[in-house]
Each structure stands twice: as structure tokens, then as C-alpha cells.
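Shared chain: chain A. Partners: chain B in the first complex, chain C in the second.
Right after this comes the complex of A and B.
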């Protein structure tokens, strides 16, 4: 017995040894900064000097700050632009490339389109931002095309009524390649005879998509939905590059909102409170999502 | 209703012709088996009948109707795949009823057909289960059931037993045959296993290199193979092929048989050899007792030969053994073309 116990202890020590590098990295890069952020959120601090403890005052202010709630509302728009629309579109595109383009025109064309859709993912956000600023500015390509068609253009990124939709459009363009590649690799593991059986069973392309593709890609859809939703909840760079949260805060998001308080207004304590609230919401939604997914998996 | 006719059917991938001039007529209610080695084109031919592969030439008719340009669903066929192709996210009942759902069959009618097929296949207790909770044999039955509920004119089977263990394969062989006989549905079945073909088929179509070598009943093929390929493919262990010139083996030994002058190949099935005082004398190289019989591998004038002996013999590698045979069991093939020589 003593020997077994000794062996278990040794085994356990070895596991910890293997976990150590990751754990150290997590503590230094995520855990410690987050703990410091939480601590700072209870203070009033200008970034230099000693922070002064203010209890829940920053959170109290946050609850009444219309700009914060506006940024949260914009987050919902970005969830639609980064998670919902790209997931639906890329599911349809992946099924089309896999089930139609690859079979009718060859694997080469399918790979070509897949690479094309993935291209925005490898472009630096700054480059994509400059590119879309050119396209969307009042004298840009989009307005030229619209005028050519006899339609009226607009200042897409400068008009508060359109700016959020313009940024959403760019986000769809950026995000679609990621989910498309994941869905196509998911389709690669599906037994092709399932599609053949469905064809024999009388299922046309829409039915095959609904009854075979979507259920077979359920694990990939779950992963994509979770990762893109989290990405939407903390989106920063595209907003920073395209609109700086403007015009009139019409595209501001929590990450950018906390950034302005950290570095522009130098209300570091308040910025930390925004970040903490945003992190809490992200973790909560993530956990809810995972739980829902686990339950669905168990039920099947 | 369910006769299948293939006239001059061909399949080409680019410049490569994988099937050429396939002419075949499968009668209504017949159990026809396409058999041949891997790559011979049998599965491609089945998929062409199903409509899953395009036809490069010729015509395919099902029930007297040309189906070349019809979608698979419109050909009045049902197919059982090698992998069974059961929808993993649907229950057994949903799998079986999927085609009926797509055809918008009335719910009561759909339920009745599923129940009937499930009872026939012993699947009633499993209707609410998912495929992953079933054994290999049960999955095979679900695939059968899915085909049956559609009440098709033709069943197509693509190596449906190849994923099962040997014992289950024997059991399922008999179940499939009995179900087909009960339903009387024309069946085209693909296998590379000649034992499966011999035990299940009304008629066997032996394929090789993209063409049909011979069509006949199992015993036709066994007793009168049209050529060397069929002779060696049908029967296990494979038929012995002995090169003979003017009645003599390459080492000059005279064979006790009547052979035409010139070079021929003599075929002799291993099970038609028996120990005897007169016949051919072979040098034993291996002995494999299986209980029911003893397999002897040996050489005859440097040529490999196998004997499947019912009698128990006590020989060892290196021994000489005299094996007798009935000359009526000999098969003669042209040494060049490999075609059967009538005697």
C-alpha cells in the first residue's frame, strides 16, 4: 500500500511539473494582470502616484454611464457581425464549395475560393482598416460604384447612422474566412456516403444542407459560435483603425471605451472597472454557452 | 418491374477507361452479384446503376425505363453502403423514415412501413436508439431497413458485409438472402469475396480490369470457368494451374491425362486431389491442418500446387506425396489467351 501511495505521489508531482510552464505563463500574462486590474478598479488613479481606494464607486458610476451601455449595445451588433452572420454565411459557402464546387469544378477551385475567403484573416487589421477606409470614404470605391448605378453615396464611416453598419460589414468580411476554413475541414471528416445516401433518399441540396451538413458540423458550429462571440465581446482593433469609436460614439465598444479611459482621459480606475465588467460578462457568457453545449451533447 | 439492363455501358475518367462495353441483363427478382478483385470496376458499375456516377457511354434501364439521365432518387432504387451511411444524428426510426419524409409520405403510412420493416429485421426494440448504440450487425440491418421501407424496384448493395467479423458475416449473409427472397426484389450486390458471391447469388458476374469475364450461376462458374481468371478467382483455395506442353511438364515428366498437343494450362482444383497410389507425385513444402481438411502446399516439377485433402495424412515438408484425381475434374486453358478449351 505504502509503495502504491508513494508511486501516486510521484505521478502527481510529474503532472504538476508538466503543467508548470503553462501555469507560470497563465499567471504572469493573464492571472496577475487581471487581479491587478480588479484591484485597480476599486481605486481612483491617474496612472502615476498612489491609487486611492474608492470602494465600488467606479462600478456605481459605470451602471449610470450611458456611454458604457451604448458600448454594450454596440457589442451586440458586433456579435451579429462577427458571430451570427459569418457563421451562417460560411456554413452556406462551405457546403457550396464542398458539395458543389469541388464536385462540379474540381478540388482546385474549391481550395482557391477557400484561400480567397481566408485572405482577410492573414491581413493585418491595420492594412484591412486602411483598405476599407479607402473603399468607404466619401470619394471611395463604394460611392463611385453606387453613383455609377445611379444611387446616392454616403459618408459611410463618418455618418453616425451608417458607421456601425459599415464597420459590421468589414467585420463580416474579416471573420468569414475563419469559420469557412473550420467548417470545410469539418466537412472533410464527414463520410461522403452520407451525402450519397441522402441523395438516394430524395434530399435535394437544401435538404442535404439542413439535415446532414448542419447536424454533422454541430461541434464545429459550437466552437465557432463560442470563439467568435468572445472575439466580438472584446473587439478593439478594427474599431480603433476604422472609426476610433466615433462618430459621436456610434461605434464605441467596451474595449475601446476602457482604452480611452486608461490612456486618453487617464481615469485608470474607471477604465479598470470597465475592463473587469467586460471580462466578467465574457466569462459568464462563455460558461453559459459551454454548459448549454455540454447539455446538448449529453442529451444526444 | 425491377429488371436491370446494361447495354454497352462505359465509364471513362479523362482518358482512362475504367469500364468498357458492359452488357448485362439482370432478371426481375434475381439476386445478382458483381464480384472481382479490387479496382475491377464493380463498385463503379453499381454506383452508375444508382446514379451516383455519370455514365460515359451506353444505356442503363431499370424496369424497362432508361435511367441514364435520372437523378438517383428517381430511379426507384435503394442502396446499402459499405459504411452503411446511417445518419449518426438520427434515431433508427428516423434513419429508416428519412426517405419517406423527403417524399412527404403520410405520417401514418410512414410509421406503418417503418414498423413493418423493423419487425421483419428484428429492429423493433432499437427504433429509438442512435446508430452509435448499435452493434455492427444491427447497423447493417438498419441500413437494410432503410432500403426496405422505400419499397424500391431494385436493391443495390456495395460490399455491405466487409466491416463485420467473420462469424457475423456468415449470419448476415443468410439474413440478407432470406430477406431478399421474401421480398422478391431484384438485387445487385457487390463483393470482392468469392465465398460471399458463391453462397448468396442466383447469378454471379465476374469482373476484371473493367470488363465482364463471365456471367453464370455459382456452380456454372465453379464447374466450367470461361477462362483462367475466373477459374483462379472462383473457389478457395484457388485452382492449381499447371503448364503442360504436349502432355508433359516442363521437366519432361509425363502427366497421366489426356491433353491436346501443344502448350496448354491444366487447371485442377485443390479439393479434387486426393492421396492415391497413382497420379502426380509432388514435393511437399507445407502442411496446414484445419481440422476439417488438410491443406498441402507443394511443388510439381517446380510449379506450385495446393491440395485440400479431406483425409488426414501424415506428411511433412520435404516428403514426396502421390496425389490422384479424376480426369473429369480437369480444366484445360489455352496457354496464350487463357480461354477455356472445350473437351
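Right after this comes the complex of A and C.
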């Protein structure tokens, strides 16, 4: 008995040894800065000098700050633009490329399109953002094309009622490639005979999509949904490059909002409170998601 | 134990050697963030060459930074051991004022007299170099030395005005009449960008047309809660101008470069912007660009430029002071003017560049009439973004002039109580 528990103990000690490097990295890069951030959020601090403790004052301010609430609302728009739409679109595109383009036109064309859709992921966001702000500006290419078609152009990034949709459009363009590549590789492990059998049984493309592609890709869809949702919750760079949160705060998101307080207004304590609240929400949503997923897995 | 002693001895010897070596060959670290091809970059490069000539024994370490780097991380750098001996720093309460109030900058009052800078600069030019214990500019010890000037004025297309038989306006009413004539021709008179900094400069010029120097002193010096009346007028005027077609609502989707392109391509005859565009507009090939001060205004957006600061922990303060002297010397200042910049202490007779001499003349005129109204975003940290968004909204028509003025007041009063 004693011998067994002894070996168990050494066993777990060895696990800890293996966990050490990752753990140290986590504590240094994530844990410690996070704890510091939480501590700073209870202070009033201008980035240099001594912070002074103000208790919950920053959180109190946060609850009454309209910009914070609209930034949270916009996060939902970004979940739609970065998680929901790209996942649906790239599922359809992946199925089309896999089931139609590859079989009718050959593997080469399918790979060509896959690479094309992935391109925006490789471009640095800053460069892509500058290009898009040219395309979307009132004298830009998009309006030229629209006017050529006899339609009316819009002031895409300058009008508060359009700006969020313009930025969402750019996000869909950026995100599709990521989900598409994951789904295509997922389809790679699906037995092609399944499709063949379904075809012989008279299943059309929509049925094959609904009854084969989606069920077979369930694990990939879960992973993509989780990672892209988290990416949407912390989106920063495209907003920074395209609109600076404007016009009229109509595209402001929590990360950008916290950034402006950290670096522009130098209300470092308040900036820390914003990012702490944002982290809490991200963790909460992440946990809910994982919970939902494991429950689904159990059901199966 | 023996090994330990030997190790300690070796360490001590190495330290002694390195410190000895450092004392012999000195290093001068200087940073600035003006692009190498700008008037300032050209002038300061020449000053650095002179410095190297005078000090062949000193190793010069120059680093070209970016505005954003210093604007966002400047306080962290100054608070560390990596700070250089001399650096260009952004003037204003939220930047230089903040680090000065935290004791990170060396006071320069002694050097000011000792190095003879008082012979080239006057007290009015030092306003943005002095910061009090709260970091508010205008009084207190001298922490920064200005080197150049900048101001916002109207650049215009001389060919388009001549073709339309119009002359340079001298009052706001005349300016509006000239713009009416262009609107009648189907031309948008003013190229503007409200998704970027330029629109707030036009807004501020309109506000300044209603402001007294006391209002400016109160507004910029955080002396009282904001009296928003001039901003209300500016908001009303901007909406009126959009309605009359003087500037396009499309401006809300444009960046500064888009605006410049609209002017340089000859699409719009006017652009209201700063002297930092001077060299660029001076080189336009299709037409001749010139400039005039905003018509009817006694005050204009403008100031002495960014400042030289010496970090408190700098090792070679004497070298830093020498370099400041070089940048204020006649040769370097004249070179700045002849490269299309606005020197602060040049001999106007020596400046032959067309735009450079025009800018220097207008700047001197502004200084003489006490017309430097600074910039709208300075008073409180982070005000820039608020002014940008509010101006964009009032031009786009999503905010009324009243809402516009109230937003500025709220952000200002809030920042003041920080």
C-alpha cells in the first residue's frame, strides 16, 4: 500500500516537473501582469510617479460611462462579423471547393481558391487597413464602382450609421480564410465514399452539405467558433487603423477604449479597470462556450 | 572560498576597466522624430555633422524615433536608465508637462543664460518650455528649448484664383464671397479631412475668430472651467459652411493625405492646414501654391514647435547643451528656412526658398501680434480624440452645434479635475 502511494507521489512530482516551463512562462507573461493590472485598476495613476488607491471608483465610473457600454455593444457586432458570418460563409465555401470545384475542375483550382481566400490572413492588418480606408473613402474605388453601376455611394467610414458595417465587412474579408483552411483540412479526413454513396442515393448538394459536411465538421466548427469569438472580444488593430473608434464612437470596442485611456488620456487606473472588466467577460464567455461544447460531446 | 575571492576580484577589475574606458571616450546619445527629408531633419542633421566635427573624440549615437513612440512611451523611457542625453519631446501639458512635473527633466534656466540662448530666443518663445509643479505650461522652471515654429493658415491655388478673377480675401466675409464664387462654378472650395486631425484646426480657427487672448490663456492654461461660446460659434459656422457647400460632408471619411491630394490635384482651391505641409505644397508642379493667414483672425492655431529636453539622469548634459546651441545657430536656422521649414531664429534676408520665406514672414507677423493661439487638443490629455470625434460629428451633422460645444466642455472639465 505504502509503496503504491509512494510511486503515485513521485509520479505526480514528475508531472509537475514537466509542467514547470509552461507554468513559469504563464506566471511571468500572463499571471503576473494580469494581477498587476487588477491591482492598478483600484488606483488613480498617470503612468509615472506613485499610484494612489481609490477603491472601486474606476469601476463606478465604468458603469456610468456610455462609451464603455457602446463598446460592449459593438463587441456583439464584431462577434457576428468575425465568428458567425465567416463560419457560415466558409462552411459553404469549403463544401463548394471540396465537393464541387475539386471534383469538377480539379484539385489545383480548389487549392488556388483556398490560397486566395487565405491571403488576407497573411497581409499585415496595418497595410490591409490602409488599403481598405482608400477603397472606402468617399472618393474611393467602392463608390466609383457603385456610381458606375448607377447606384449611390456612401461615406462608409465617415457616417456613424455605416461605419460599423464597413468595418464588419473588412473583418469578414479578413476572417474567412482562417476558418476556410481549417474546414478544408477537416474535410480532408472525411471519407469521399460518403459523398459518393449519398450522391448515388440521389442526395443533392444541399442535402450532402447538411447531412455530411456539417456533422463531420462538428469538432472543427466548435474550435473555430471558440477561437474567432475570443478574437472578436479583443479586436483592436482593424478599428485602430480604419476608424480610431469613430465617427462619434460608433465603432469603439473595449480594447481600443482601454488603449485610449492608457495612452491618450493617461488615466492608467481607469484603463486597467476597463481591461479587467473585458478580461472577466472574455473568460466568462469562454467558459460558457467550453461547457456547452463538452455537454454536446457527452450527448453524442 | 578562494575561487570566490578570485571571481570577485576579476569582476571588480572588469568594472574598473569599463568605467575607465567610458570616462575616456564619451558617448552622446540624441533622439528626435522628424523624418530625414523634412526641413527639420535636414537642419538637425547638419547640426549633428558640425557637432561631430567639433568633438572627434565623442561617440555620437543618434536614433530616429517616431512621433508615436515618444508620444506614447516617452514617460516610460525617461523613467528608465535608457534615456538619452538629449531628445526632442512633444510640447504641452499632457506630454512634456507630465514628465516635467514628475521630476524627470533637467531644469535649463542656468544653461539658458550660460550658453547665450537668451540672445536668440525671447520670453514669449519659451512659454511652452516652462512647466509648473502641476505640469501646466507658461510658468515655472524652463525644461524645454524650442527650435522652430509652426502655424495653421490657408494654402491656396493662385492659378485657380487668377482664372476666376478673384483676389486674396482679407476678412471672413470676403473669404465667404470668394467661396460662393467657386461654389457657383461647381467647385468645393475647401479640401478638408475630418476623419483625421485637420478639421479640428479649421474648427479652432473659427473659434479663435470669436476669442480673446484671455480666453486662450484660460483655455490652454486650465485656469477656469471651459467657456464654450467660441466653440458653439465654430460648430454653427462649420454646419453653415457644409450647407453652403464650402466644404463637403464627405470630409468625415477622409484622412489628411486624402485632403492634401484634393488640393494638390487642383480639385479644391483652398486647404486650411499647417506649415508642416509647406515643403510639400511648395513643390507642386501643376500650379503655384501660396498662403495667407486665416482672414480676419487676430489669433491663429500655431505655436513654437516641439522642444529639446534634457533627461534628469543624462550623463553628458554639457554635450546636450552644446548641441542645442548648434541647432539655434544662424547657419542651421537658415538652412531650416531654405528647406521649407519655419525657423525660430533665422535671418529672414538669408531665406531664399519661396514657401520658406513666406512662412517665416507670416510666423514672425503672428508672433509680433501675439497671435499664436496654440492647438485645440492641448489642454488636457486625451482631448485630441474627443475634439476629433466631436468635430467630425458636427461636420457630418450627427451632432448639433450645441451638443458639439457641450461635448468639448464635458471632456475639458472632466480632464481638468484629474
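The criterion applied here is as follows: the second predicted complex is superposed on the first by the 289 of 300 C-alpha atoms of A that agree within 3 Å, B and C clash if a C-alpha of one lies under 4 Å from a C-alpha of the other, contacts with A are read in each partner's own complex, and residues count from 1 in each chain.
By definition in this document, contacts are C-beta pairs under 8 Å (C-beta built on N, C-alpha and C of every residue); 3 or more make two chains touch, one makes a residue touch a chain.
In this text the structure is predicted, and so the values were computed from the model without any measurement.
Undergrad: Between chain B and chain C, whom does A:48 touch in the aligned arrangement: first, second, both, or neither?
TA: Once the two structures are laid over each other on A, A:48 reaches chain C alone.
Undergrad: Tell me which partner A:243 touches in the superposition: chain B (first), chain C (second), both or neither.
TA: A:243 sits against chain C, while chain B stays out of touch.
Undergrad: In the overlay, answer first, second, both or neither for which of chain B and chain C A:263 touches.
TA: A:263 sits against chain C, while chain B stays out of touch.
Undergrad: For A:155, decide between first (touching chain B), second (touching chain C), both and neither.
TA: Touch status of A:155: second partner only.
Undergrad: Quick one: classify A:203 as touching chain B (first), chain C (second), both or neither.
TA: The answer is first: A:203 touches chain B but not chain C.
Undergrad: Quick one: chain B or chain C, who's touching more of chain A?
TA: C
Undergrad: Examine A:133 and indicate which partner it touches, taking first as chain B and second as chain C; both and neither are also allowed.
TA: second
Undergrad: In the superposed arrangement, does A:211 touch chain B (first), chain C (second), both or neither?
TA: So A:211 only meets chain B here.
Undergrad: Can you give me the overlap between the chain B contact set and the chain C contact set on chain A?
TA: none
Undergrad: In their shared complex, at which residues does chain B touch chain A?
TA: 50-52, 71-73, 77-79, 81-83, 85, 87-89, 98-99, 102-103, 130, 146, 150
Undergrad: Note which residues of chain A are touching chain C in the complex, please.
TA: Residue positions touching the partner: 46-49, 133, 136-139, 155-160, 243-249, 260-261, 263-267.
Undergrad: Would you mind writing out the residues of chain C in touch with chain A in their complex?
TA: 72, 75-76, 79, 94, 98-99, 102, 104, 194-195, 248-255, 258, 262, 380-382, 384-385, 388-389, 392-393, 396, 398-399, 415, 418
Undergrad: In the complex of these two chains, what residues of chain A are touching chain B?
TA: By the definition above, chain A touches chain B via 191, 193-194, 196-203, 207, 211-212, 215-216, 218, 300.
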